[in-house]
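The structures considered in this document are given below.
Two complexes come next, and they have one chain in common, chain A, joined by chain B in the first and chain C in the second.
Right, the complex of A and B next:
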């Protein structure tokens, strides 16, 4: 039946990331989901890399050599950015979940995102100096 | 002389076993009319097979909830001027997360059944109502007066909630707000209904429900408050004070 098209289903998870018609809280929700998925993916890559240790030092060293690639460096930066965006957004959710700042959730989101961006900028500068 | 705009009303059409599509209706409107007026004009002067829900025309019945240019609105109180401009297109679609019966009309049954699960109240004693500036002391007779519930069960919150889109079992904003309205201390039987996988903890704080609510129920704030009530009740049970 075509009528089932408009009903909820797990396959509609893509709608979480569709920004049209959403408001600040919806964008915050989408950002949190997106960064969470990215960090979960990173966790798998990280554990796989650590698993290479079982194959001896050569296997791990070869993998580490990959991290000199600029694309991988950009990926590392993205992981750290995702940590701060997800973490500060998470603090907002924690506060509102227990009644703190519920009616000011938009302002909380903007405030925490400003802090997150500042921290990411500081990290970016340090990363640029080191590499 | 009333101002006149020419708009294109783009309406979602879907009859049984048909592929959904959009029909365009060109019309002249007064921008200070409401979106529901434009939909009614499409039905009256263009296509009598157009199906939509409406009743009171003053935001009391909650029947005319639709998506207007992608955002959930109660169309009887949404001014055309606020959602489009002269010469532009105005797109109306049925609410999300409900089965489409025909065109813009959806089956509200899933919401009504969930409201029944939590015994959502149409009226409550005025002494139990959340109202601004309540008297410092209620007198006994005040408890005889009833107040209409703010929630008009229009379903806009269910349509806007991103979690609702993927989890049909989730109670959803309006039923959770109805549970909060009664209070877990007064209705402890609601605890097991709201404190579960598809209850109050399924909300992921998108606050879209509050953003679209036309009746100032503020479901998101009520869900957060219900969480503190659940924690309070659980702690009381743990320490034998329930």
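Right, the complex of A and C next:
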């Protein structure tokens, strides 16, 4: 059977995580899937943690105090950053899925990433109460 | 090097039906809308200095029936989007058909369980007030 270039394989799977030497599309793809894995993990941790709400005020309000723990806070920052990177990259994918900007994907990607970084910066300053 | 335009655009992966792909594509923008609401509510509406909601804030907030409805919509959307995406990543490992079937079943059950648990949790919180 003739193998076409886009056939998936286990070896290629791992290479998607290391887009060094690839074109910018490869980086966009790796960024999208790394943030996807992180956000999926977070989703299930989040759903489990919110289960504390069923147990009443004490458990949940004590749990909230954890948000001031520097390590947890850094984790939350990572979630926020992943949300914006994945979300803005996702808008580009949505646009191209419906034929918009297909030949301008590189520019779209750079543009959306600049916006994402700016928004992340604003969130960082807010989270760490710089202003 | 010539490549057809279709290889540049987002499209179903091999083993992913067009319907599954379409659901992933449609739930994406829906998530953006609900996430904006989620972020505003959880970081500006609460009574803690950080804007976070305490237990009492949340129970009070859930007394408006539109809120549990939005939260359940959000839950279904995010769980569906994340698990279809996870399946897509697993598809790139080129699993055999039997393995893929197990993966699909496992992720489907996980999704149903997560949504069921989430709905139970939303209704439990809503029932604490009033």
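The rule is short, and it goes like this: the second predicted complex is superposed on the first by the 115 of 131 C-alpha atoms of A that agree within 3 Å, B and C clash if a C-alpha of one lies under 4 Å from a C-alpha of the other, contacts with A are read in each partner's own complex, and residues count from 1 in each chain.
We take it that a contact is a pair of C-beta atoms (placed from the backbone, for glycine too) under 8 Å apart; a residue touches a chain by one contact, two chains touch by 3 or more.
Predicted model, so just to flag it, every value in this text is computed and none were measured.
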Q) Once the shared chain is lined up, is A:39 touching chain B (first), chain C (second), both, or neither of them? A) second
Q.
Is A:23 touching anything from chain B or chain C once the two structures are fitted on A? First, second, both or neither.
A. first
Q: Once the structures are superposed on A, label A:111 by its partner contacts, choosing first (chain B), second (chain C), both or neither.
A: neither
Q.
I'd like to know which partner A:75 touches here: chain B for first, chain C for second, both or neither.
A. neither
**Q.** chain B and chain C footprints on chain A, overlapping residues
**A.** 6-10, 12-13, 16, 25, 93, 96-97, 99, 102-103, 105
Q.
Touching residues of chain A toward chain C in the complex: what are they?
A. 6-10, 12-13, 16, 25, 33, 36-37, 39-40, 43-44, 47, 50-51, 53-54, 56-57, 60-61, 64, 67, 83, 87, 90-91, 93-94, 96-97, 99, 102-103, 105
Q) chain A touches which residues of chain C in the complex? A) 5, 7-11, 13-14, 25, 28-29, 31-32, 35, 48, 50, 52, 54-56, 58, 78-79, 82-83, 85-86, 89, 91-94, 114, 117-118, 121, 124-125
Q.
Which stretch or stretches of chain B touch chain A in the complex?
A. 14, 16-20, 67, 69-72, 94, 96-101, 106, 160, 162, 164-168, 170, 204-208, 210-211, 220-221, 224-225, 227-228, 231
Q. Can you list the chain A residues touching chain B in their complex?
A. 1-13, 15-16, 20-26, 28-30, 32, 92-93, 96-99, 102-103, 105
